[in-house]
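Presented below is the structure to which this report refers.
Chain nomenclature is as follows: A, B, C, D and E, assigned in order of appearance, with residue numbering initiated at 1 for each chain independently.
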Amino acid sequence: EGISDDKVKIGVLADMGGTYADVCGKGCVAAVEMAIADFGGKVLDKPIEVVSADDQNKPDVGSAVVREWLDKDKVDAIGGIVASSVGLAAAKVANEAKKPLLISTAGSPAFTTKQCSPYNAHWAYDVVALANGTVKPLVAAGKKKWFFITADYEFGHALEKVSAGVIEKNGGEVVGSVKVPLGTTDYSSYILQAQSSGADAVALANAGKDFVNSLKGASEFGLNKQATMVGLLVFSSDVQALDPALIADMRLTTGFFSEMDDKTKEWSQRFKEKFGKTPTMGQAGAYSATLHYLNAVKEAGTDDGDAVMAKMKATKPDDFFARNAELRADGRMVHDMYQVRVKKADERANDDDIFALEQTLAGNEVYLPMDAACDFSKK
Amino acid sequence: MEFIKSNKFNIILIALALVIPFGVYPVFLMKVLCFGLFAAAFNLMLGFVGMLSFGHAAFLATGGYVTGYLMSNADLTPELGILCGTLASAVLGYLFGSLSVKREGIYFAMVTLALSQLLFFFFLQAPFTEGENGLQGIPRGKLFGFIDLNNNLSMYYFVLAVFLLGFWLIYRSVHSPFGQVLKAIRENEPRAISLGYSVRQYKLMAFVLSAALSGLAGSTKALVFQLESLTDAHWQMSGEVVLMTLVGGMGTIFGPLVGAAVVVGIENFFSGGELGTYIHIIMGLIFIICVLAFRNGIVGEFNKFVKNNF
Amino acid sequence: MSEQIILETRNLTKGFKGFTAVDNVNLKIQRGQIHALIGPNGAGKTTVFNLLTKYLTPSSGQILFKGQDITALEASAIAQLGLVRSFQISAVFPRLTVLENVRIALQRKEGNSFQFWKSDKVLERLNPRAEALLADVGLLDFAQATTLDLPYGRKRALELATTLALDPEMLLLDEPTQGMGHEDVAVVAALIKKVSAERTILMVEHNLHVVSQLADRITVLQRGAVLTEGDYATVSADPRVKEAYLGVAADEEVAA
Amino acid sequence: MKAQGNEKLRVSDLHAFYGESHILHGIDLHVNQGELVTLLGRNGSGRSTTLKAIMNMVGRRSGSININGTETMGLAAHRIAHLGIGFCPEERGIFSSLNVEENLLLPPAVRSDGMSLDEIYQMFPNLYERRTSQGTRLSGGEQQMLALARILRTGANILLLDEITEGLAPVIVKKLGEVLIQLKRKNLTILLVEQNFHFAAPIADRHYVMEHGRIVEEVQQAELSAKTELLNTLLGV
Amino acid sequence: MDTILGINPVALFGQLLVGLINGSFYALLSLGLAIIFGLLRIINFAQGALYMIGAFLAWLGLEYWGLSYGWALLIVPLVVGLFGILIERFLIRPIAHEDHLYSLLLTFGVALVLQGVFSHVFGSSGKPYSIPEFLQGVANLGFMYLPIYRGWIIVVSLLVCFGTWWAIEKTKLGAYLRAGTENARLLQAFGINVPLMVTLTFGFGVALAGLAGVLAAPIYSVSPDMGANLLIVVFAIVVIGGMGSIGGAIITGISMGVIEGLTKYFYPEASNTIIFMVMVVVLLIKPAGLFGKEV
């Protein structure tokens, strides 16, 4: 079979200038380029190329770009992928064309459940892992009454549902929840409701700016003194957007942080030299996924989607990012996750030093078990 | 022979449209055609009735969502799906129009904007739209039950046919007895009333027509991309269609199409790679430049140039 | 008898926030006459007009046109019944041609005005009638000119032609000669005379010269109420009218 | 007294344009102190435009306009009124967002000896009666009175009046005639655009006749009867 | 917890108060729009972007130039106002005589550019800005804890709103403004420097947005798109109040805040749309808005 069109072309689709630009964006492009350079720049003697596009966080833009890449530009695999909505739309197109989709930053569990496909490789994390990783230890530590402030769209609903399940399974109770429209800037009413619910933990089932604004509101009204605030999806960039006093000591879950150990530090250092900024979980994941993909192409001797995916699933990924890892038949990359605590201002050695490791969580404890319907090894 | 002579220009254009997909990426062309139709429908209100609607995204999205939902869930043929989307937009146009045509100028713009925003939040929260994710994987289906549209080329010709139909309808209504009344209303509304014309009904009719054709564009677009998302309902989309019309030349027949081609082309150019963050700045600058220096738009200026020099 | 009355108001009243602009006005306009409404400034003439054509809603009272109660009808519906108003300012469609202006008025009765799927070529069959109307007001030579470029007096003539195109049974004219030079006043007055055949006309006019020439009957309003009514000789001889409206030496004005 | 004797307003070779269209083609006129001069002419002959051009309210102008000894060609529009000139526009320009009294008080006083509010209300009792209603709710004639009264209050001693008898009942027209004569006695300078020749003829000192944006004739009060024939052909009186 | 008919009065009072706070904020923003609309008959689409710039300047001031909150409150509106004056002078004035729709489109373009530039330079994630120390803390009102800063917002907004309203409706300057709206040419012929007045008023309307931005910085996330979505809600408020009505904008702003607060309590899912729904109802009954004049 060999390499189609005599080159391997990887498309990186990400939000380059919008809400999630800092989480993946151009950094993901840099990470993919770095992986290619580390791999040697060529596979099976054929050049490896990167194209990238801005999806503006819009599913329509993302899917149109992917369509054009596949129809016209002969792209062989697609990486990046930030907003789940864009990712799922891109997946529809890529799956139909049987091209691998290396999802580094999107969080929806749908990629390996409702909308699973043999061509998805869901890499860095998903919201289920975050909820499990964050909520379970807190319930165990005595936080029994929970209130949810939930972003009113599918992502938020899913996050709440998964987390509520974990709470109830572990003997806690959900005493109330409120659905907040996306992009709300003023959370005072919702904070008041949380306050009058008597909860001892308030979970923020939202992300990005919604997370930042709701946390600000909570501290303004003193909710953070009455109850423990729990961020269910928190990126390092969100932490940096907040006054350290507001978020210090919050416990949360992540798949990667740069100051963890020597291996992550070494890679982060190199990334920083190339790109100028400290890598995020998504960017590290993009590197890891690309490297694994290229290895699989080499071993399969072709860039044909089916063959490469089979090889990727047959070999265990192993690098500074993917530890104790495997790419399951359903496309889920299961690996160690970390429960961390946000450091106080005076604990931080530098701007990047924001997390302290509390606990390493084994992948199979936090990720959902494989959905039988998505077990493509059996088909 | 007479027909060929008087329609020379149009015939050349159509011939060009028939061969161009062999040179240019058809999905891009289809996007231009869909937005061209959308802008032309919008221009029916702005250019020919003189009313700036700042909420036309509502109709684009309604067409798209209805068609998308029916195609995914009701197993319709594409032409029926599109018809339903168009009808839904017409009904919505009737509702919005009844509320808004009482007002004029900027007031009208604001009211349409607010109404479409209401609809945006409805689409955001209603279950059948799949919220942020949008309707994905909408099947293109088989035209009349036997022409498979999954092939981009056959889809292109179908879109071209829809476009020509819509475009012809707009041309026709501008140059019809109805269009003549619209012109009179734009020129002197109180006088039109005193001549016995119930002006609101005419405006409403034009609004419904414009909404239906916008819906047609939205429905077709949903099939082309097999996806319908909130982008189409967002107020920025309403702004974008204004931009297309303005760039191309409001009140001209071909302006909206040219404007759509320019704007879609620019967007495509900037969405690739590193330039993405400049897109809003560029769009904004085009707006400013058009308003300050080229109020007639490309086609408008061209017409003026031809008139002055030949 | 009532057959003769084409338009009638019964106790027509309009108040604005505690101020009564039109006060229990009972008008009876005879079919086929030219009826003038005069009175001092602020007497309520324009308000009466606005009530008749539904630009204002009466506070109380009734309006009957051809025996039918039209108090609750919409402005455009009243025009469709044949009661048409022309404007104080010249009301034309400036960027249409003179011919098109008239055609717009003719077109309404065609019943094709909502037909957006037909070519506007169907309107061409209205051209002969439009041209005839233009000839009546002496504008035939300007048929293809853009209305914008017409001098003021011609615009008024065009407006009249447009109004006549509706073939109204009754015309309401609000100060038809206002702002016109002497020449044009004479032209328009002659025109009004000409079109008044087979039509009823109600007009507001300050130019007594015109009123005395044209009006068969005159109603004088003052402070919203009818002061007196009659033909020119009777009305102008009334001392109350002299005092409130004409000023003492009215006769020279008319004689001029 | 200025060098030019008692000349208050002099317009020389005035051209004015609305956009592309050239409306005034070199107007020359002057008005002396205490004089009442009329501009006569057919509709569209450019009389209103002349007044507006003096007030710098038209698009483009050239030539020279001298008010009270000051050349105003380069002056911004708002500076002109302060030379002591008041303008009553043809379309009246009553402000609907102000009530009658606010409308009256709106133009800033440009000199100290304007009429007081009381004097004005005495002259136009209609206005007093309706002083708290919205300006544009007045009847056409009442608005005309308001527009005139408004500039009498400012104390301007050069008045540009455009068709002030338009739409007024004969009684009021008579009264206005008296007012103008009074103003003349007070030594005010008045340039009057008038359609109603019978109103203007007895009170004016001189007449300019305009046609197609040019002054075609100047008639002294004394020559009126001699030039009736001419006026007839020019104006259709 | 005590409840009456399933309603918890304590929580309800809390929501009402919060609504009042938001309402005064809305009032401030819609006031700026209403003034500019009132005078120039243009819808200033850039108002949201200028609000955003106000917040950003406060943040930049604190972060890089050591400008404290108190000074920001004074200086930032001036700077934003000045910027607005430049916009008016060089962009809007050249097309002032064209159809007003063009100026709407122009300011729409300006808004896009400003927002684009800020997100290009500063990225799109929010910037932190803390509540100034002297306004930190909460006051216990018995039924709820009122953050002092929120109380401060109410006071500042209401003072500014009513001061402005008074100046426009009750003073001679206000009469000039209202007259200038209708017939600027004539007003100028009466001897009033209308171009200057227009420029200053535009600057003032824009400065109000800058002020709102500074007030918002400590409680909302400072980010390039913070103005865009808020702006449309504020448009709706101006439409409900009756465009061009200054008092209408203020009263409607406050009441919409309260209504929104109630919605958040009774049916939070509708809180984003309630204002638009109110708008539809109002337009059905009074097409010119609650305080607008019928044309």
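The rule we apply is simple: a residue touches a chain if its C-beta (ideal position, glycine included) is under 8 Å from a C-beta of that chain, and two chains touch if they have at least 3 such contacts.
Each chain and its UniProt protein: B, E = Branched-chain amino acid transport system permease protein.
If you're wondering where the values come from, they're calculated on a predicted model, not measured in any experiment.
**Student:** Both chain C and chain D are touched by which chains?
**Tutor:** Touches both chain C and chain D: nothing.
**Student:** Quick one: point me to the chain whose Cα centre is farthest from that of chain B.
**Tutor:** Between chain B and the rest, the longest centre separation is with D.
**Student:** Check A-E against D-E and say which one is joined by more contacting C-beta pairs.
**Tutor:** So, comparing the two chain pairs, more contacts are at A-E.
**Student:** Compute the centre of every chain as the mean of its C-alpha atoms, then state which one is farthest from the centre of chain C.
**Tutor:** The chain lying farthest from chain C is A.
**Student:** In angstrom, rounded to a whole number, how far apart do the mean CA points of chain D and chain E lie?
**Tutor:** 44
**Student:** For chain A and chain B, let me know how many angstrom lie between their CA-based centres, rounded off.
**Tutor:** 37
**Student:** In whole angstrom, what separates the CA-based centres of chain A and chain D?
**Tutor:** So the centroids are 77 Å from each other.
**Student:** Per the centroid of Cα atoms for each chain, what is the distance between chain B and chain E, given in Å?
**Tutor:** The separation of the two C-alpha centroids amounts to 33 Å.
**Student:** What are the residue numbers in chain B that touch two or more other chains?
**Tutor:** Residues 121, 125, 277, 279 of chain B each touch two or more of the other chains.
**Student:** Please output the residue numbers of chain D that touch at least 2 other chains, ranges allowed.
**Tutor:** Where chain D is concerned, no single residue meets two or more other chains.
**Student:** In chain E, which residues are in touch with two or more of the other chains?
**Tutor:** 119-120, 269, 272 - these are the residues of chain E that touch more than one other chain.
**Student:** Would you please name all pairs of chains that touch?
**Tutor:** The list of touching pairs comes to A-B, A-E, B-C, B-E, C-D, D-E.
**Student:** Chain B touches which residues of chain C in the complex?
**Tutor:** For this pair, the touching residues of chain C are 53, 74-77, 79-80, 84-87, 91-96, 100, 103-105, 107-108, 110, 112-120, 122-123, 162-163, 166.
**Student:** Which of the residues in chain D come into contact with chain E in the complex?
**Tutor:** It comes out as residues 55-57, 76-82, 87, 89, 93, 95-98, 102, 105-108, 110, 154.
**Student:** Give every residue of chain C touching chain D within the complex, in rising order.
**Tutor:** Going by the criterion above, the answer is residues 16-17, 19, 39-47, 88, 151-153, 175, 178-184, 186, 206, 208, 244-247, 249-250, 253, 256.
**Student:** State the interface residues of chain D toward chain C in the complex, per the touch definition above.
**Tutor:** Within the complex, chain D contacts chain C at residues 42-44, 126, 130, 133, 137-142, 144-145, 163, 166-175, 195, 197-198, 235-237.
**Student:** Mind pulling up the chain B residues that touch chain A in the complex?
**Tutor:** 25, 27-28, 31, 121, 124-125, 130-134, 136-137, 152, 225-229, 231-232, 270-277, 279
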